[in-house]
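Scrolling down, you'll hit the structures one after another.
The same subunit A turns up in both complexes below, where it pairs with subunit B and then with subunit C.
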Partner chain A sequence: MRTLGARAAIALLVAAAVCAPVAYAATARSGNLRILYVREDAFHNYDFLSQSVASDNVDWAVALVFWNNASISRVKTSAIGPLYDQTGSRMNGRLRDTTSSGYVWDEDSGRKTTLCPGAPLQSRDARHYRIYADGDDRLYNLDWGYWVYGTTHWDIDECSLSNPAWFGHSENAEEWLVSDWIDRTGWSASNDWSWFSNSEPFRVEGDHIWDSDGYASALRVE
Partner chain B sequence: MNKSNAGFTAAERVVLAVLLVYVTGVLIALTPIRAALGVAGPAAPPPPPAAPIAQPTAERPAPAHELGAPQAQRAREIVANDRSLATALGGTPHSIVKSGPWTTRGADGSPSRMLGAAFVVAPQKPIELRSTALPGALYDQTERTRTPYQRVVNEVSAKHVTQLLVLVDLEHGRVVNITPGPGAQEVVSTPPPGFRRTVPRPAEAGG
Partner chain C sequence: MMQRRAAAVTGVMLSACAPQVAYAVREREIVRLDSVRRAPAVLAGGADPAALRMRFELPPGARQGPERWYLVRLRYRLWFERDSGPGFAWVTSDTNDRTAAQIEYTTARRGGRLSVRRTTVDLVHGERELRTHSGRDALTFTNHLPYAGVRAGTNTWTIRLEQTGRTRVRRLEVLGDSAIVQTRRTPFPLALTAALDGTRPHVGERFEIEVRLAAAPRRTIRDVAVRAHAQHRGVELLAPARRRVGDLTGRSRTVRFAFLARQPGAHAITLMARSDANDPNAGVQVEVLPAARATTAPATTWALVSLPALAMAGWLAVARRRRER
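On to the complex of A and B.
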């Protein structure tokens, strides 16, 4: 006779199995997609479904900058790590660390608060962030120190068969991440710190809920 | 005169004592001695980094899907008259805090088209849903059919619902989705008996 734990594990595996990474692109508001520069560094203000720069191939608006002493692993293993402890599907960021090197792509599946939202025994929603950098997992300039950048959003009932799945509410997810950051790491963060030219007024594109104010938050890593 | 050995009157001594307490208080409040004494105070956050500079873009803004005034008005009337939403709100005062178009994505390169309107409805205080029948639109990401979603009416229970995502299909003139927003607690949703999904299962689409 199977134990409850074994049944739960089976349910979880089945749920994870139905979350295949089939993805459909969204379209950035016309005129929004562009490169942002800070000293010698540069990056696109959206992440992308695949490694192709096009306004109809975007996933979410960039809304996070981790700075001062950041790296991909340092952010993911910070004190928010136990909360954002699951991974999602891969998306792509395009960036340049110095003027002497060209643009490079970075893939990241990010971290999310629930593996398969809406699956049996799982929460119905998850907050999900992805962060990008180049080969050494961090960028550097004199203004921001070591830094990485990223996007964030909610996944709602992503793995449910009978409930509608919705993705987005990025502005709300950003506020949650800033709050989680301050509460758990004790490090500072400035919500909606700087204009990133990627405002996406509330609208629903299929199951993709756009809602970004165009201002990114700065989260300091010590 | 009542003079002490130091030459101060009693009244002068009181004034001096008050001054001493005041100056000590100011010193503690304004200098690092506060920290040394273990008095907590708000730490000044480090200044945020310099802002980035945006590349000028030559891309001209194209006409976006926007709801015309008559469409928006009609969609609001449909929402206002929807019985499921009224039942969910249970008489709690509420407002529409966000609104915009609901369009297709334009899967496989086809042009996106208008489906209707999207609203975020926020009750003035968090509400609880108790086996409330709510419509849901199971979106077909392949968009192979003109109506790219499957309708379902689930029985939904939830606590601390602070917002509802409401979608109106303007072609069919009805509310087709009412979903508790992010952060709702203890959400349990039960499909009708015999429910069978006919659209492709939801896949992480930028999720």
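On to the complex of A and C.
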């Protein structure tokens, strides 16, 4: 039994090792990429593969706002923490806080439900979210209080040696996260709360499967 | 929830502009902690959040801005346990369940020593960070309450201590002069408004966006600059995108940006100001109409369509005259 466990652990490690961070750029639908403003805070409505703003360098559409009493740490250590307990590859958000002097980049590897989907003894899929803020890990304005924003998607067969990896279906991952949030934290959340001008109808672009309705969900932190 | 939904987001830019009123820079305490309970009030860290709950009254018509602003002033002392490990602790303050103070402590042990990082952000001081190996901290924190954190009548005020991971807070002492404060000092001393100057343009026509910048009374705002940005190629900026305004005191200043309408449809233009104070922004949605020649087409069309009718009428008139002969 121990041998089996050890082999499985080694297989997982090997799978994780060969599973390099995926870095295929996707292209936002024409005219979608823009800066959104709330009071004097501002942020781009997609996250990016690298620290360069370009519509052919995006990863996913922004679809999450954690508000009222949020910070990166408060969200990640909230009651969804034990479910989304693994980390992924890093992506980049670009934003500007009311109180700061200019735009800044923030990197986040996010949290996901499975370390290496498709690896031996691992689930084939993972739900993955990334959240962004500036140096103090949250923004503040008089409408949203302390807030952070983010993206979410599925990772499928990311570490599989036999099946091709693919990523996406953000709309479905967003609905799951909202549901997980309400169930586990007991705090409120509003699915598809507000239009973020980043609708991505279903289409396949390389390993990216776009599907996003352009509305972001609001998840309250208490 | 988030009642200002329609107004708040969405590519629709919001200016945080407040009408300007003469004011004296003074503050008035609405409620002090030591007026409603024994001070200092003590909270201890634990598995569950520890909280102080109080109430205070505001007069009819009370709201956050634009003339009167409400702030929380939080003064406290905090001690970590000697064996505190890695994790987080938060001291927060809410009014009506809307958070206006969030002090985050990140703790770790390095070489056996406690390491503490404290971060805050507020509209008065911006971002602040402290790194220390001390097991105790003292802070005075001030911030403007969220709009929904202020209402006429009875308001609730909650101060909370939370910890996660292996962070252990032994004691939090909230001092008696912690208070909800009223002031006339706006958090947005520079105001920006923008509007289309004139009527909706047609494709191919030039149009201007008028930007008005104003400083709050008795405030000098320095190094003001304003920038225009078209979020779509349907309109093209003709002049330099950035204009330097300089210092603003009392009087407002107007800046104009010229654009060329290139495609019909609704196009968002963003105006952003920078200054040594706040950096307001505003959005203008410009509806570009089809090219002007398109609007004259119906006249031409009518003329062409009416030619056969005119010919027929002429022919009938001639024929009738011949018959009369």
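Everything that follows uses one rule, which is that the second predicted complex is superposed on the first by the 217 of 222 C-alpha atoms of A that agree within 3 Å, B and C clash if a C-alpha of one lies under 4 Å from a C-alpha of the other, contacts with A are read in each partner's own complex, and residues count from 1 in each chain.
We take it that a contact is a pair of C-beta atoms (placed from the backbone, for glycine too) under 8 Å apart; a residue touches a chain by one contact, two chains touch by 3 or more.
Since the model is a prediction, treat every value here as computed from it, not as a measurement.
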{"item": "Subunit B or subunit C, by number of subunit A residues touched", "value": "B"}
{"item": "Which superposed partner A:Ser71 touches (first subunit B, second subunit C, both, neither)", "value": "second"}
{"item": "Subunit B versus subunit C as contact partner of A:Leu49, first or second or both or neither", "value": "first"}
{"item": "Partner chain(s) touched by A:Asp211 [first = subunit B, second = subunit C, both, neither]", "value": "first"}
{"item": "Subunit B versus subunit C as contact partner of A:Ser197, first or second or both or neither", "value": "both"}
{"item": "Touched partner set for A:Ala165, first subunit B, second subunit C, both or neither", "value": "first"}
{"item": "First, second, both or neither for A:Met91, with subunit B first and subunit C second", "value": "first"}
{"item": "Subunit B versus subunit C as contact partner of A:Ser179, first or second or both or neither", "value": "neither"}
{"item": "First, second, both or neither for A:Trp154, with subunit B first and subunit C second", "value": "first"}
{"item": "First (subunit B), second (subunit C), both or neither touched by A:Asp143", "value": "both"}
{"item": "Contact residues common to both interfaces of subunit A (with subunit B and with subunit C)", "value": "31, 34-38, 45, 67-68, 143-145, 188, 190, 193-197, 218, 220"}
{"item": "Subunit B to subunit A touching residues, read off their complex", "value": "45-46, 48-57, 59-62, 64-65, 98-107, 112, 118, 120, 136-139, 141, 143, 148-149, 152, 154, 165, 167, 177, 179, 181-184, 187, 189, 191, 195, 197, 201-207"}
{"item": "Interface residues, subunit A side, partner subunit B - complex", "value": "18-27, 29-31, 33-38, 45, 49, 55-56, 59-60, 65, 67-68, 88-89, 91, 124-125, 127-128, 143-145, 147, 153-167, 169, 172-173, 188, 190, 193-197, 201-211, 218, 220"}
{"item": "Of subunit C, residues touching subunit A in the complex", "value": "1-2, 4-5, 8-14, 16, 64-65, 88, 90, 92, 94, 97-100, 102, 104, 106, 119-123, 125-129, 143-147, 164-165, 187-188, 231-232, 268, 270, 278-281, 283"}
{"item": "Subunit C-touching residues of subunit A, taken from the complex the two chains share", "value": "31, 34-40, 42, 45, 67-69, 71, 73-74, 77, 97-100, 134-140, 142-146, 188, 190, 193-197, 218, 220, 222"}
